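Structures given as structure tokens follow.
Shared between the two complexes below is subunit A, which has subunit B as its partner in the first and subunit C in the second.
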Partner chain A sequence: MKTFEHIVEEMLHIPPQEGMDALTPKDIPDWDSMNYLLFIAELEKEYGVSFTMDEVLSAQSLGDVRKALQAKGKAV
Partner chain B sequence: MAELKKCIVLDLDGTLWGGVIGEDGKDGILLSMDEKGEHFIAFQQGLRDLHDRGIILAINSKNNPDDALDVIRTHPNMVLKEHHFAATRINWNDKVQNMRELAEELNIGLDSMVFLDDSTLQREAIKSALPEVAVPEMPVDSALYTEMLLSLPYFKSDVLTDEDKMRGNFYVTERLRTKAETRFESRQAFLDSLGLAVRVVRNDRNAAPRIAQLTEKTNQFNTNKIPKTEEEIQTLMESPDTEVFYAEARDRYGDHGIIAAALVQKNGVVWNVDTLLMSCRVFERGIEDAFVYAIAEAAQKEGGESLVFDFTPTEKNDPAKLFLQSRTQGGILHNADAALPPWITIL
Partner chain C sequence: MSAHQAVDRSLSSISVGEVCVREHMITAEMIQTFAELSGDHNPLHVDETYSAKTNFGKPVAHGMLLGALVSELVGMHLPGVRCLLIKESLEFKLPVFAGDAIRVEGKVMHKSEVTRLLEIAITITRGSEVVATGTVHTKVLERHG
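Moving on to the complex of A and B:
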């Protein structure tokens, strides 16, 4: 199973790093509308979850996305 | 042209979500990301886009207000939030009376209002008591709600350039498409289901800001990246030897807005396409083919025989290169050879 960090690396093209939860679209050049959606779709597939519209629209950082996964009982 | 309207008054059960809140409860209504709920989410996004363009939204619903407001405030897939509604009548009163009160509260005429309700009975009641109100038919199949909304003649179609607003629409409608695609056995079957429609427009000054924005921002599907200002685009539009085309696209999940543009020089039988570009939001749906087909058709009507595409390679524009390699012969396309993908309608 791919880890959260792997999926971030694969879809948003940044290596795993310290403090990555604080990163926002401004810090990640490839975090555009399209890649973000593909990233979300990949997380949904790997973890077998479905994000709500609110979760997708309100995430401001990688940490927010991770928190939404944790709220669904996923240890990431 | 129909008279322009200022306000859309909405029913709730069966209109903004599927099912009946008073019977099915918040967890039972249809507002999920699957084939039962997705069309209500798309419909809400279409309404939200109209709200963002200045149309007033209001509610006229027979419901227990606490149940309905709880959905609006806390359901995770509600795209419309409480603040999007300028006035609400959620009660057990007559809907005709509610309409009159809404018009008074919002200080607009009944003839500025559109009423959307899935119940034929309620629509007939409003039509007969308040003939000034526009009451479009609602499709029986909720999958067609968004197309119905997008085809209403009551609203000015302002060209949107605000990236934040476009992004909101993109996240919602594109997620629905991505999810829906997984239910089809092939990409083609998914494309066939979309009801994709493309409109191609020429030299429309209102679109100049958006076209200028696309020339600046489009990197991948762009045959020749030359950023232009709004004024430069307008000059090209006004010149008799040049044409500025754009394409807008919509499908049953929503409106993409303006997503492609072409800057063309007319040289007799040859039309030179200096720049052909398309937003990455709509890759791999055949929209580029439909757009080029429409340009070739326009050229043919004016005696043009072929389109000749300029191309300047960059680090990122492989998608444009691949398109020209597969659809043209060394950048030349005979107008008669242009083909419209059968799953796309030209409006």
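Moving on to the complex of A and C:
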């Protein structure tokens, strides 16, 4: 199974790094609207979860996305 | 429905595991037309004399001609009129030539309700041979009008 970090690297082209949870769209050049949707869809597929629109729209950082996964019982 | 009218599939009507198949005959005219459209007049594709001297022995269809047929599958059939192609990747495994009958299969691997994205696995075959594989991500737009 792909890790959260692997999916971030694959979809947003950011290598695993210290403090990556604090990264926001301003820090990640490839975090545009389409890539973000592809990132979310990939997480849903890999972890077998479904996000809500509120979760998708309210995430301000990678850490927020990770927390949304953790809230669904996923150890990421 | 005319041959040029895309089907109208809603996101909710599409299921993971659903398969759509399109069959095409590759012709010299298609290769020439694609060369004109794309500007790719590489002699491997359009020059009988040049290509006869290569390992292929005859003109090879452009890989992205197959990509265009994938566009036909998603844009006209799955999901059809509401399609917005987001990402397409293809791996070309065998050359395709004029006169080849090919089968383009799309299988829905994942559907994301919140992003309205479909992930569709693409397999292109000629008889029992797989000539290309790939993945398409397409958004299923809200109904217009």
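In the analysis below, the second predicted complex is superposed on the first by the 76 of 76 C-alpha atoms of A that agree within 3 Å, B and C clash if a C-alpha of one lies under 4 Å from a C-alpha of the other, contacts with A are read in each partner's own complex, and residues count from 1 in each chain.
In this section, contacts are C-beta pairs under 8 Å (C-beta built on N, C-alpha and C of every residue); 3 or more make two chains touch, one makes a residue touch a chain.
The shown structure was predicted, so the numbers you read here are calculated from the model rather than taken from an experiment.
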Quiz item: For A:71, is the partner it touches subunit B (first), subunit C (second), both, or none of the two (neither)?
Solution: neither
Exercise. Classify the contacts of A:22 with the two partner chains as first (subunit B alone), second (subunit C alone), both, or neither.
Key: neither
Quiz item: Can A:41 be said to touch subunit B (first), subunit C (second), both, or neither?
Solution: both
Exercise. Identify the partner contact of A:56: answer first if only subunit B is touched, second if only subunit C is, both if each is, neither if none is.
Key: both
Quiz item: Where does A:33 make contact in the superposed view: on subunit B (first), on subunit C (second), on both, or on neither?
Solution: first
Quiz item: Touching subunit B and also subunit C: which subunit A residues?
Solution: 34, 37, 40-41, 50, 52-53, 55-56
Practice problem: Report the residues of subunit C in contact with subunit A in the complex, numbered from low to high. | Solution: 86-87, 109-110, 112-115, 117, 119, 137, 139
Quiz item: Touching subunit B in the complex: which residues of subunit A?
Solution: 33-34, 36-37, 40-41, 50, 52-57
Quiz item: Along subunit B, where are the residues that touch subunit A in the complex?
Solution: 33, 41, 76-79, 167-168, 170-172, 174-175, 178, 280-281
Quiz item: If you look only at subunit A, which of its residues touch subunit C in the complex?
Solution: 34, 37-38, 40-41, 44-45, 50-53, 55-56
